[in-house]
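Before anything else, here is the set of structures, which you'll find just below.
Shared between the two complexes below is chain A, which has chain B as its partner in the first and chain C in the second.
Moving on, here comes the complex of A and B:
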């Protein structure tokens, strides 16, 4: 055994030295928000299993910690560092410039450096579809609850509103935001309170884009026997029968593909956009919402999807409007 | 009053009760602690622990009542820790309170990682493992009980003297240390209940930092209420009312910016502290060691 010990140590060392190392910096919601961050984490763990990379993840407890987390990854022998969330753009911009030999990727943010890949999603397209689906179920009054009041979430809302108008021009949208700080991603109690107020005012379906706060809306839907629409991950399983569908944002695929490309030496900087066409955004159908999302609704949604992909329908984009 | 207004009013009242419950628990606990002379800025940490252990216990046992008990116990233990440092080792009360808050933020991911492989949140609780309204009733009963105790009983005078004139109480043969220990532990118990209300009634799981500043809101309510049970009770209700109104106004088009309504509770606190509604006098012995 004694002779074996140094040998196994060498084996371990060589293995770690050769493994492709990925550092994942998650946003405040944490890997268990069952939404945005969970999706990113799922993609990274899939890469860990299938590609044999070495993965280390950290959660940014507050915004000030982000830069330090990226720096500590960059200083060590990590090959690729992935930042999740718009709040990390500034940190990556700074650190990526300081470590030009390292590769970086960011989700939901755009950083124009040769060693940074920006993974962007056309959230408004997916939101448009769920807006139309919500209105098929709700008729006159539809709800939206956003997490933190930021342009990204406004983009969800704007696409959603356009989908509603397309389905029923007379339908009204009731829209609430949980807050204006990062705490809004983690305040299910407030989200539930907002949802109850909306349901009480006659709203039938609420689309929630609020990270970990979303569970509060699902609780309200369950108590009031109404419907909710999940976001980012497929959240249908969280409250089967009360979640109409989920607006998927395939952060998992984007993260997995980025890791795969980087490992195979095909990493390229610059922005990549994931829309309906590339299935980067979509709505979810599974055994949990099979019954409530009927075939007719699905057929109509598929038609709209085709029209958006072919360019017949142009979904208004908050980012473009803001410019 | 027609039926529709009646319905809207009743949902508003329930909404106020929901918003007020965690504040009431924490503020009443904080009131006890501060009246006995111990500055209480650790409400946030005690609430967090209460919320965490309530959610964990309810998840494993399926009983919200056991969860509620475990939550209050967790608050009590945090308070026990604080009293050991503050009363026994005579550390600075503000620094210790801050440490308790930071400790609570750190403990949560540590425990959830062991139990659920998750960093700082518990799995969602099924509807049978949650409360519908029981903690709301408890919070109001508890506030009423404390009001009665403060105005009608001799033992409450010990707590008040421990905060106002600790030397005098000591001279009369009552141990200030014991009175403060009792107040602190009860404070932890109440704050733990407040946390349990959050994770078992207002939400359906523990999520990181889910108190979202409610511990400090409770402290503000208590100062606004001039360290007296009845005004503190109304301060909590007022905070909950502004929150409920703000939620309702967000959807409607009133012309008043939502942000303005959101700052109301804080604005009221500042005005109150500035002495516009009469002087807000802290207990004289607050923060003093004996």
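Moving on, here comes the complex of A and C:
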């Protein structure tokens, strides 16, 4: 051991001196939204602990600030700059072209440059699965609550609706959006009111894709003794027993892997799609929901998952429809 | 003078606060200065924010003179920006010599309309302008989201934003400011904003209409006895307020982005209230206070990046401390003439 000590000291020193530096630009939601940004932040901090990289994260103030932040990171000695959220695509496109020697990654957006890795998620596939699960757990009515009315959330809704139809063609979908401004991501009070109204009208399971507003829906589920489905991160722990499952979007894994590859010199530009196959999207099972999500439901869900992966089921994609 | 002292005191307080947060105050100060003046790009981005803030500051200012509080600058600028983008997309063939002027006209008219409605309701029906303008903000946000995810939706991007407007509308080719501040969004609109501030100054203090507006704002009854029509002037002032806020569209659409993006405004309309208050409603001073707030807006994200302890939220606290100290200094009964006399006496 003693001989090893100086060696490890040298290792530590060289590591800090030549540490791989990663800049993380979070979306306006900020790192504590318990959902999308939290997931990205978790992946980056995991890389910090396990890979010994140097991490600096910032939160965007407004659309113009995003470009400013990327430019500042690029001008400094950061090796990899990761942008979280579709709103950063334009900024990265511009800055990555001006700094071709730097590496960039973007989550939820597509930028076609050799030094940019685009991490894209097939949210509609995961939504399809939770749609089917929700329908198994209810009689006729299932609910959806979206945050801000934007194409990304429409994509969740469309996949979810398809999953419902597949499971029970007679089931109806009750769908609401919290708002039309960015404030909708952070309005649990209104989310709760919408959820209560849906539960009162006979809805039994609600899938909520609304960032930090989601907690309001979970409160309503507890109050009405009904079920809700979480999104992005595993949210089952937030109200154990009332959250059927969570539609996982493993931004954390995508961010971690990107940092790891870049550090090991294996960085490659271009789009990477995370679907059910690569477990980039999935539904969560843990100690908080293994009682409500019974074995039979899980078995059916796994079958559907296989069919989607093999291509037997093609889930409708809002983005493709829009084009 | 008082505002300036208040500003210095606010900065001083902020530096002490940052000391508590574990950052060296000199470092924080350097970051803030570098953030505003560090490079052409930095100054450009600060001036870009400044431009929009001059417009909204003037918008709040003119309404104040007529005794009204325009909370609606945010809605007025959103609807005008949306309309300008829509026109730029729907009429791509307007010749490039006319298109920018056409765009500016559309911005002024739609912004003005969004100010005219609360103005005439206030003048004729006495409906409170604060309530109406606030409601109009939500209507504007609703219309904007509806069109951006619907009819005007971009086909090439997943962002909630519109298509690009026709290049004929953009300032780019004859815009010395954006050519000077390369890569930054600063543009010709800055000159329009400064010109407008000067023009408003002469309008308010050198014209009969301006005098009437000021008289109305200070004492409505006295003004009406003197034969000044409140109905007409209030409507006029709110319409102008809307038109000024609407000019933000030139900065955003014609000058820089070229498309309507949901959430493009970091609440220019509301920061504009602070800009006007800090300038004590003097149009010429608004140019400088707008620059100050522009620098703070830009500095906030740079502080987040350059320091370890100061996050986005802490940067907002610093902004608030500066605003508060400027406004509270205005309350201190400090008479500089007396101070000068006292100093003379001592000597």
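In this section, the second predicted complex is superposed on the first by the 306 of 323 C-alpha atoms of A that agree within 3 Å, B and C clash if a C-alpha of one lies under 4 Å from a C-alpha of the other, contacts with A are read in each partner's own complex, and residues count from 1 in each chain.
The rule we apply is simple: a contact is a pair of C-beta atoms (placed from the backbone, for glycine too) under 8 Å apart; a residue touches a chain by one contact, two chains touch by 3 or more.
Everything quoted here is computed from the prediction, not taken from an experiment.
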| item | value |
| --- | --- |
| Fit or clash - chain C, chain B, common chain A | clash |
| Touched partner set for A:284, first chain B, second chain C, both or neither | neither |
| First (chain B), second (chain C), both or neither touched by A:194 | first |
| First, second, both or neither for A:59, with chain B first and chain C second | both |
| Partner chain(s) touched by A:216 [first = chain B, second = chain C, both, neither] | first |
| Chain B versus chain C as contact partner of A:174, first or second or both or neither | first |
| Which superposed partner A:233 touches (first chain B, second chain C, both, neither) | neither |
| First, second, both or neither for A:245, with chain B first and chain C second | neither |
| First, second, both or neither for A:151, with chain B first and chain C second | second |
| First, second, both or neither for A:32, with chain B first and chain C second | first |
| Clash with chain B (superposed arrangement) - responsible stretch of chain C out of 93-101, 201-209 or 327-335 | 327-335 |
| Shared chain A contacts, counted only where both chain B and chain C touch the same residue | 30, 59, 61, 180 |
| Residues of chain A that touch chain B when the two form their complex | 30-33, 59, 61, 174-177, 180, 183, 186-190, 192-194, 196-198, 200-201, 212, 215-216, 219, 222-223, 238 |
| Residues of chain B defined as touching chain A within the complex | 7-8, 11, 15, 18-19, 105, 116, 118-121, 124, 127, 130, 132, 198, 202-205, 207-210, 212-213, 243-244, 247-248, 250-251, 259 |
| Chain A residues touching chain C - in the complex, by the definition given at the top | 28, 30, 56, 58-65, 68-69, 71-73, 86-87, 89-90, 94, 98, 108-110, 148-152, 154, 180-182, 319, 322-323 |
| Partner chain A, residues of chain C touching it in the complex | 41, 45, 48-49, 141-142, 144-146, 149, 153, 155, 157-160, 183, 185, 261-266, 297-298, 300-302, 304-306, 311-312 |
